[in-house]
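Each of the next two complexes has chain A plus one more chain, namely chain B in the first and chain C in the second.
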Partner chain A sequence: MRIGSYELTLKKRETLAGWQAAVISTLAVVFALLLFSLVFVQAEANPLEAYKEIFDYAFFNPFGLPLTINRFIFLLLCACAFIIPIRAGLWNIGMTGQLYAGALSAFAVLFAFGVKGAKSAEYPGELIIPLMVVASMLGAVVVGTIAGYLKGKYNVNEIVVTMMLNFIMFWLVSFMIKDGGPFMNPGGRGESFELAKSLYAPLYKDVPFTVVLALGFALLLYWVFAKTKLGYQIRAYGQNPTAAEYAGISGVKISVLVFVLGAALAGLAGYHYFAAVPGVYKIARSYNFQGDLAFYGIICGLISQGNPIAAIPVALLFGGLTNGGRFVQGKLKLGFGIDYALLGVLMITLVAFQFFYRYQVVLVNTRKETPDE
Partner chain B sequence: MNEFFIRSLDASTIFTIAAIGELIGQRSGVINVGVEGVMLFGATLGFITAQVTGSYLLGFLVGIAIGALLGLLHGFFSVTLGGDQVVSGMGIWIMGFGLTTYIGNPYTGPLGMDRIPTFLGVSPFFYVGVALVVITWFVLSKTSLGLQIRSVGENPSVAEVSGVNVSRTRYWCSITGGMLMGFAGAVYALNYNPVWNYNFLMGWGFIALALVFFSMWNPFIMLAGSLLFGTLWQLSLNPQLVLPGLFSRYVWRTVPFAITLIVLFSMSMKWFRTRWGAAKPEALGLPYVKE
Partner chain C sequence: MLLDEIKRGDTVLEAQGITKRFPGVVANDKIDFEINAGEVHAILGENGAGKTTLMNILFGLYQPDEGELIVGGKAVKFKSPLDAIDLGIGMVHQHRKLVPAHTVIENIILGHPRAGTILNLKRAEEEITALSRKYGFKIDLRAKVWQISEGEKQLVEILKALYRGAKVLILDEPTSALTPIETEVLMESIKTMSNEDLAIVPFITHKLPIVLAISDRVTVLRRGKVVNRIKTSEATERSLAREMVGREVIFRVERKKVERGQPILEIENLSALSDKGVTAVDKMSFTIHEGEIFGIAGISGNGQRELVEVIAGLRKELEGKVTLDGRDITQASSLERWQAGIGYIPADRIDVGSIGEFSLIENLMMNYYFDEEFSRGGTLDYRKMRELTNEIIEEFSVATPGPETTAKSLSGGNLQKVILGRVLSRKPRLVIADLPSQGLDVGATEFVRNKLMEAKQEKAGVLLISEDLDEILSMSDWVAPVYEGVIMGILPGEAAKREDVGALMAGLELGGGAS
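Let's turn to the complex of A and B:
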């Protein structure tokens, strides 16, 4: 493309510095939000006003902010669950199934202690809560291992496998909580029994302790990728599996390991949303919503380019956007599913912007090379 | 029981049409993991069009058209931009999932039109599906066009040297595949299950994708697989036909997905591959850069 005597050309990037990736990612998000304002226009709402409402509610409203923080914890865990395998070149889109497995395992601990139905009874929380956390991670690991093992050992496409597991777990949750399933609420409205009050996750200023775990794991993960041998092996495998195998890195080991670690975090996300967020404390009828929200983890992971620390602000932003989106949907009387539509627009914009991570647009002054006659 | 077989054939038809679309794309070296997204778009827009205009024909045409557009978009991302095809396919799936939830929500509920008449007791789309399988097989293995498509999928640089336009071939295969996926979605929403609900495909697109891997890129094996999975799907909805009273109905719903996993796993084992060989297109998923 020519502009005067300048020519716009494309150059393939040799390297991508951290700040360059950050600029491109920010531009992608801004572009997606601009594109998304068309949805507001089509719904006859003023986009500026709508975005102002979204951010006001999500980050400055005493009711909205705690909800945003809870979604942030959930999304950060889901993002890390996606990031670990993607660094090894593998796609974990099974966060949904893994977090369902985590939630079911956490509730299985309650079930084993006979918590079902007695909301005000006293239980030893200092024993049961840690057990629930560990169980949620282990339960999810079982599901994740299937995908990692099948991929590593038999080269079965991990996207299909994790997606199949999502549907299997979705129906298993229905089985457990509906139609007289073992976890059904005695009141019987197609949802699980509720946690006893003594087993609510400890809060600090309305924020459950899972925030420490989520942030801690993100930092730990950054360190693992940057400084340890394991992190190096995962990255090497992701860049060139064949070369890595020649260098003595076991493909089976790496793919099982990344799915085990990723799934454990997704399971923790399941514990967080169903047993630690104030006001939930049960697997509700509409549990599919939390499952769908986990797909934002893919977007967070892609935008942060696999960097767990970069995923922190990204998860916070999307926690706020989805939460505020639901709010303006009610306030401005928009159609249902604003947050779903945003998910779609963000994702496809991001795919288009992948191009700029690989190529750079340069402005060349052609006058010097071809002087006017 | 007869009703059950007819419903199974209807279900198989949808798997067949969507999977044949994916198969055509993959034969040219373009993998589209977003089958489910394209189907959701075809289903939702086809449903809305048919309900608003009262015309089935327009509904199907819109379903096919949106499929073609998404196929074009996938072609643009993976051929022109040379990007990662999995990223693009994922993008199309999540975009389809997100946008159709928003767009279709006001239309939640039944279609409210007369059912499409059957032909010789079976839905007319069944014959369309079988015809598509035969045509695809014929074109791919008996014509020069098919040779061109397969060569692009196996070794694009050699194909280019022998005078085949790799980019154009891949574009057309991606678009044709998208049209078939969109059509399959429209058949689902207008004939098989004419009640719109958010994300109402519940994994059909991903099973279609698995069917292509299962078929070893052979249209006839794929048809057989579709018949198997159509029947399985229908059985999972009506477990009382086989084992009344055993397991909750929700456990039965997991069966088609579990069997998909078992099938994919067994065919990836060494004894299977050494006996039947893998016919996977060599250049599947790899972007082609002209030298």
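Let's turn to the complex of A and C:
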């Protein structure tokens, strides 16, 4: 494109610093919001007012903020569950199934201790809660390992396996909680029994302790990838499996390992949503809502390009927008699905802007090429 | 087409004062070049001398910053290779750009403007047959490309350019993937084509004998400048090498005498399958001692790759035994073999030997991450690793801005130096060097051979795999020609005759019977 004697051209980037990626992503978010204003205008809503409502509710409202934070914890764990295998070049699409397995395992611990819905009964929480956390991770690992092992040993496509396991786990949850299932609510209703109050996860200002685990794991993961032998082996395998095998890194081990670690975090996400978020404390009839939400974890992982620290703001943004978007739809009486549309536009814009990770726009003075001297 | 009316001896393509700058380098600095119809004018230069840039300018992939291209007496500007093709300039890339599942004919007419939407295969076949008869190409036009050899693929690329009406043929490293016999065939074809008034411009980094054999004139590039233009009849291999590198080059590495020590690697009755499930290594037995270079001579695809992979622990053996320093390592993992003292320099530097997106530090880590010294308690010691990287960059004279540079930005020769440095700095007991100088320029080849010779002097055993008979014969203490997975004989390096090794490599038995 020409403007006078200047020309706008694209130049390939040699390197991309962390702050540049952050600036580009921020611009992408701004651009997406501008773009989506058109939809608000078309729906006869004032975009400024709409965005104000969304962000107010998501990040400043005493009812909205805890919801946002709980979604954020969940999404961050799911994003990390996706990030670990993707750094080894493997796609974990099975956070849904893994978190169901995690939830079932946590409830199995309750079942073993005879918790069956008497809300006021006293149980030793300091023993049972840690057991539930550990069980949720282990249960998810069992499901995740299947995909990792099949991939590593027999080169069975991990996307298909994790996807299919999602279905299996979905129906297993159904079997366990619906009428006649072992985890059935004594009152029926197609949901699981509820936690006793003494087993609610410890809260700090309405936020469960799982926030510490999620943030801790994200930071830990960053360190593992940057500094440790294990992280190096995973990254080497992800970049070039043949070269990694040449260097003595076993593909089978890496495949199993990344799915074990990833699934463990997905399992924790399952514990978080079904046993730690205030107001839930059971596997509800609509448990597929949480399962579907896990897919946003994939998006967060992709947008943050496998960087667990970058996943923190991304997960927070998506946690807030899923929440505020739904709220504004009700408040301004907008059409159904406007919250999903907003997320969709945002995702596409973020991904499209990654073009600028590889290219930069430069302004060249074409006169300079023929110097006067 | 401008070049339709030319006669033998007319200048068909001319470059005047071509300059092309990239950030930080002047890749081409006022380069003049010309070629006449019926002439073979080779362009010679080391990696990084500016050959690729010049080639891309001649073919319209780059536009020069300064200077002019003149085709058939008229100044032209190429916006894209399509303009170059339309004016009669054809390009044969080093890496073949053919569709393996299609036939030769289909590949030749692919992208041809006359192919249109409905294929007239019959007419195309007639025309192409006539064309290949004219230049004496022997090629089955109906064979699928995956079935034909590298040499034949090269001819297909040439035919493709000719069928598009090329009068000037640019050949990028034309013999780099060819066996000696295929090279002969290609050289013959080049002669025929130049006799038919085509202008041919081969770009060559190494293999000076080929330049001497086929070209009429040579232009030597060094650091983006023309250092000499000379009639080939007045040049020698030595003079060309000196001009390319800028100093005297010793072609033959001096074979150092080293006392033969303990056996290091013993291979007993070893067999292995290829990826396709065919026997690739067939009951091989040999022993490598300390201070010895054991050279396996053979054309690629005769089981060398599989043999090396079995020794390195990357492929399961079918039967037989591998012993390292008296210890049976047949069942050991590749990691255990690295730790036991095997150092493997793979033939494929890009897909096996390095990780393109990783920095040089992290590439060096590939052979060090498992050492206690560099990974205490599971965390990697990047500071120590950076020091080692700097040492290796220094000692192996790797041309790079620094240890943080990615491997993919290095040239082939520099990447090989990094890999060589990485493996040899471990002071391995056994060095496996698979095609160590393949594709390297003269200077780098000399360097690699000297380093292997040093390893031998330090009492390592070296397993050298090479297609280059000169390399094998000048370096090895023992020469073992292979043919279809069988070791055809083990000859003492100093006494081995070139003809004998060549015959054994081709699967012929020697009169007296091989030992």
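Everything that follows uses one rule, which is that the second predicted complex is superposed on the first by the 356 of 373 C-alpha atoms of A that agree within 3 Å, B and C clash if a C-alpha of one lies under 4 Å from a C-alpha of the other, contacts with A are read in each partner's own complex, and residues count from 1 in each chain.
Note that a contact is a pair of C-beta atoms (placed from the backbone, for glycine too) under 8 Å apart; a residue touches a chain by one contact, two chains touch by 3 or more.
Bear in mind that the values here come from a model prediction, so they are computed numbers and not experimental data.
Once the two complexes are laid over each other on the shared chain, residue contacts for A:Q354 go to chain B alone; chain C is not touched. Within the superposed three-chain model, A:T9 lies out of touch with both chain B and chain C [touch as defined at top]. Put simply, more of the residues of chain A are touched by B, taking chain B and chain C as the two choices.
Once chain A of one complex is fitted onto chain A of the other, the partner contacts of A:Q233 are limited to chain C, with no touch recorded for chain B. Contacts of A:S250 after superposition: chain C is touched, whereas chain B is not reached. By the touch criterion defined above, A:S286 reaches neither chain B nor chain C. Looking at chain A, you'll find no residue that touches chain B in one structure and chain C in the other. Interface of chain A with chain B (complex): residues 39, 91, 93, 146, 150, 154-157, 159-161, 163-165, 167-168, 171-172, 174-175, 178-181, 292, 295, 298-299, 302, 335-338, 340-345, 347-348, 350-352, 354-355, 358.
Those residues of chain B whose C-beta lies close enough to touch chain A in the complex are 33, 77, 81, 83-84, 86-88, 90-92, 94-99, 101-103, 105-106, 198-199, 202-203, 206, 209-210, 213, 248-251, 253-254, 257-258, 260-261, 264-265, 268-269.
By the touch rule above, chain C contacts chain A in their complex via residues 65, 312-314, 333-338, 344, 346, 351-358, 362, 365-367, 369-370, 375, 378-380, 382. Those residues of chain A that touch chain C in the shared complex are 227-230, 232-233, 235-236, 239-240, 242-250, 369.
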